[in-house]
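What follows is a pair of complexes built around chain A, which joins chain B in one and chain C in the other.
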Partner chain A sequence: MKNKNSIYLFTIPALIVMVVFFLYPIFLSIQMSFTDFKGVGVANDVGFKNYERIFSRDRYFDALGVSFSFSFIVVTVQNLLGLFFAAVLYRLPAIRNFSRAALFTPSMMSFVVVGYVWQFIYSPFNGGLNAILSTLGLEMLQRPWLNDPSTALFAITAAHIWMFTGYSCAIFLAGFANISKDIQEAGRLDGASSWQRFRFLELPLLAPSITINIVLATIGTLKTFELPFIMTGGGPAGATRTLSLEIMNNLFGQYKFGFASSLSIVMSVVIVTVVFFMNRFLRARENNV
Partner chain B sequence: MRKSSLVSLAVSLAFGANLAMADTVTLDVTAWKGNKAEPAAMPELLEKFHSENPDIKVEFSYISRGDTDVVIPPRLQGGSNPPDVMMVDMPLVKTWGEAGMLADLGTDSPWFSQITPQVRDSLAPTGEVFVQPLEIVGLGNFVNLDLLAKAGVEQPPKTIDQLIDACKKLDAAGISPMLFSSELSGSMIIAANGIYGSEVMPWDLGSGEASFSDDEGFKKSFAMTQALIDAKCFEPKLQAGLDPWGTSLTEFSSGNVAMLPQGAWNIGSFDKQENLNYVFTALPGGAETGIALDTFGMGWAISSSTKHKEAAQRFLAFFADQENLGEFLKADSGYNPYVGGPSGLPELAQGYDEARSAGNIVMWPVFMNHWPATMNQGLNDGVAMFLLNSSDGPEEVLEYWDEAVEDSM
Partner chain C sequence: MIADTKQIQTANIHAPKANRAMLPLQKIKSALANTFVLAMVLVMLLPVFYMIMMSFRTGAEIAADPLAIPKSLYFGNYAYTFENMGYWRSVANSVGITLTVTLLVSFLGSLAAYPLARRTGRYSRFFIMLVALAMAMPGFVNITPIYVMFREIGLLDTYLGIIIVFTAMNLPLAVFFFTGFISGIPKELEEAARLDNCGNWKVYWYIIRPLLGPAAATLSLFVMLMVWNDFLYPLLLLTDKDKFTVMIEVYRFVGNRNIEPDMLFPAAVLGSLPLLILFVIFQKRILAGVTAGAVK
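Up next is the complex of A and B:
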């Protein structure tokens, strides 16, 4: 009995940290979302006005759409590429450690640096990408990548994928390391080809790594704002304006702290809902393997 | 005896020093000018202030404009540790002033009546003055004279017809005529011409009392922009997402483009560019001289809860002195906010000066609080929308701006 009480006692410091640094700020944001607070001065109660404004304006739905599109493209491509590199490196132990470090390096770089470098690559005036296309005789593919609404979002997702493919790859490689050598050996003895071993042995056993990668990438990308902010500022004409960028603009461009809080509450609800169902589906899938 | 005298002397000196310390007021001043990148003569001016005011010690903190939004509000809100004097711009004056965080400097201040009328009208909309202006920033047209000469254009264009003519000649000579990024450059020309041609005051548009959709000035301004597109002044789709803070400046300073509408603050960096023969003129538009698009750069505000109000007022008075202000403006390439005061702009800005002298001035409405902050983003988005689908006309953009104004209410 005494031991049981001690266990609860030991959780108190962690609970205090959680309440002070996680629950209290969330409570404060909810409270602020019903006010017209401007960062200083008195916060006047405005009821549901902020939420009414969000749901009666297309621009916030558009921003949510941009966030979902960004997330879908990045999560899909980044994980497929990460899985591809992990599967290849798993079969090439001689270069595995070096390649893993090399692939992982971009994810340690600052978003600001990456954003400016890629902005230069995409520049419509002598940018690297257009120059390469010209050298290859593919002038018809040249375009102002970040200035065209039909390509701007894809251009930013490419930079994001470049940054974090190594991160996904590292998680998949950890998953590969957990696959028993006996299973691989059994596959070989049964005459399974490399592709068959990947498809029918490794891929199902990588289910936990797939869950982690997809959930982490989804959370990270649904709330992204750094690269769109640096590379396009949300433009052209809102084509790359994510919901987080909208929050940022309301906070520091317009000093609408109350309204920005209501936007962040909406974003949190969306992310929690998406991740909850995604996690449930992926866990169920893991159990069925 | 000798020993006791020495002790007495030491005690007296220490006591005296303490008394002197007690009489010295430490003034906490924050600003986004005065670092290595933008010194604005601040070190020299602070040294001069200290020599003239030995009883005041200025503790100067450089805080970038972006960080000012984050760092200062908690200090103001707490009330116990606010800076005594802060550098502010008009959006900050509105937010902090309305929240009661800034002291009323009074319309009876000796410098207030000397402010140029265009600025003065915007400073005290409710009768209270929260800022002492330091600098007016000119937004105009940078023109590469060598490229113009190559195309056979003799003078920098002042009117739209001259601009169209110059564009045609430059385009025929294989020279990129101008950049028109939706953010800043394009917004500047469209807003300046829209306001100049409008029959209502800009604050009526910003308050919703008048509508952009019905405004003939803005309709004409978009028609003028379409004429520029037709004259191949720029490729509209290329400008919609062009970065005005990086790519545009690099292109102009590298001599790849003939004209760039931008802010006068770039004069310092363009001057360092070798072989860049350029001038800074007013924005081509409806007026014969072109339109000088002025905006409030920055000023000083005093915290309403400062404990050193008298010292803070002396600090402000120092910067209201034309000799001191002139030094600041010269180092920062800024215009003087006071009637008849010395300008900090060099000779190459003569074209812009002419438009100002002729009274063809439009105040940049967002930074003067004539338009709400929501219009800052709205303006850029609207211009980008037009550049992407200019053949659709400006109706959708004008409605979008009316909605942006409504969003601020």
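Up next is the complex of A and C:
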């Protein structure tokens, strides 16, 4: 061979793509975040003004709060539901494969479709949810789900949870499949009940699946804007305005490119920090259980 | 990847078998449990059934009774949707973009992965760190600069622009994916070719590339899912109706007016249908890919 290291030339095309469309844009973004760039014309240097604005107004803390609430609710409920289905289906081989695929189906759909369909389910006049409630004689629970600030966020998280429960379940089922049958057999010979086997054998052994599920769901939800964008546009009264939606609005509603850049940098720092510590905590936990 | 799938399958076989010489009482209990859980699974699918059912009813019927099952299949909604939504055009756009991106990502990704899988020097470690960083970074940071960059070089509202964006977004995953896969290919396969004095390129093209089929197939399903369903970048980068992807077409078609059920539901069904069909055909591979990719 001519040169021992010539094989590394194969990485050059991929390297170029990543430098030009990943590293360079990050650099540009940081640069833009210190300007008042409006999309066209001159970008004036404004120092830390954009960042001062973010940290001095309640609006952005509120949006961050909405993102965190959204994330917390979805990560918790979606994984509990997914774990429940996985634990039950693991014990029911006859319906396992069908159910796993059925539960996964909503994950194959787009946020656009899910958003619109659920928006109609929640619709106050001829939507499915209020109709079901009236059939069940529960008229007092009827409400305009997406127009009521006290329910809007929960309504959207329910749609998101519905979409990805099957995804969590599939990952948990793969974790269950990795549990050796000897351990299961030993548990059964010791007379452990189904619940005891779940609690003391399976749950500890599922630690890696729990980590990956929580991390994936956290990454996916902290940056979410799609369902609020489609279903409520951030309303009512900002109850569903996530930080990402705020970025979208600044960018393409008001053409505040500079400010939107600083918001997205703050958001990225928040997400990377949260995920980093969460990952460390969960990995450490894996070694202890 | 492949090993993982096998593990899952064998483990499925070893999982507790419910029907091993059971007493009648146990049989009834097991049948009840199966029925009960299956019912819960079907309840989770209700919104999908709802979407399909509603697409065959007129707006007036839905307003009169929001939950009723259609008495007869009314195809008027679909006729209207086909007439007014650029469905086939947008499907062709999505498919074309997906195929191009899949080809590019598979080629660039496996090409870069080959040296990374065979050498573990400092450069490889640096490269893999860059890939991991790109995968972990929320795509949001890049929206503004990419929009500005594309406007400067005239890539806004072009197929090329959207293809480049999706390629760049999927490339880190592809490199990661192929590196793992190529590491599993025995080095001995290359040795005969090396003795024949074949260069790196020939070894890659004639030995490695033909073996990448399974990994490329799984990856292409990922890419397809993403390109078909992604909403952010096509919404920002495309303004010409003739270049819309399916989801942007659905978004524009439904969202341009007050939400009318007789347009919303057929558009939702048509938008999801191609992927759902694909899922029915390839569910084993898709599920194995999702879980293997996640468990790594």
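As a working rule, the second predicted complex is superposed on the first by the 268 of 289 C-alpha atoms of A that agree within 3 Å, B and C clash if a C-alpha of one lies under 4 Å from a C-alpha of the other, contacts with A are read in each partner's own complex, and residues count from 1 in each chain.
Please note the rule applied: a contact is a pair of C-beta atoms (placed from the backbone, for glycine too) under 8 Å apart; a residue touches a chain by one contact, two chains touch by 3 or more.
If you're wondering where the values come from, they're calculated on a predicted model, not measured in any experiment.
Of the two partner chains placed by the overlay, neither chain B nor chain C lies in contact with A:F198. When the two complexes are overlaid on their common chain A, residue A:F68 makes contact with neither chain B nor chain C.
In the superposition on chain A, A:F125 contacts both chain B and chain C. Number of chain A residues touched is higher for C, counting chain B against chain C. In the superposed model, A:P144 makes contact with chain B only, not with chain C. In the overlay built on the shared chain, the residue A:Y51 is in contact with neither chain B nor chain C.
Looking at the shared chain after the overlay, A:F252 reaches both chain B and chain C.
Once chain A of one complex is fitted onto chain A of the other, the partner contacts of A:L15 are limited to chain C, with no touch recorded for chain B.
In the overlay built on the shared chain, the residue A:F154 is in contact with neither chain B nor chain C.
In the superposition on chain A, chain A positions 39, 116, 119, 123, 125, 252 are in contact with chain B in one complex as well as with chain C in the other.
Contact residues of chain B toward chain A in the complex are 66, 69-70, 73, 76-77, 91, 95-96, 98-101, 182-183, 237-243, 246-247, 251, 256, 372-374, 376-377, 380-381, 384-385, 387-388, 403, 407-408. The touching residues of chain C, counted against chain A in their complex, run 4, 7-8, 11-12, 14-18, 30, 33-34, 37-38, 40-42, 44-45, 47-48, 50-51, 54, 62-63, 65-67, 108-109, 111-112, 114-116, 118-119, 123, 127, 130-131, 134, 136-149, 164-165, 167-168, 171-172, 175, 199-200, 204, 225, 228-229, 231-232, 236, 247, 250-251, 254-255, 259, 261, 264-265, 267-268, 271-272, 275-276, 279, 283, 286-287, 290-292, 294-295.
Interface residues of chain A, counted against chain B in their complex, comprise 38-42, 53, 57, 116, 119, 123-125, 144, 146-149, 152, 232-239, 249, 252-255. Residues 1, 6-8, 10-11, 13-15, 17-18, 20-26, 28-29, 32, 39, 85, 88-97, 99-106, 108-113, 116-121, 123, 125-128, 130-132, 135, 162, 165-167, 170-171, 173-179, 181, 184, 188, 208-209, 212-213, 216, 219, 222-223, 225-226, 230, 244, 247, 251-252, 257, 260-261, 264-265, 267-268, 271-272, 275 of chain A are the ones touching chain C in the complex.
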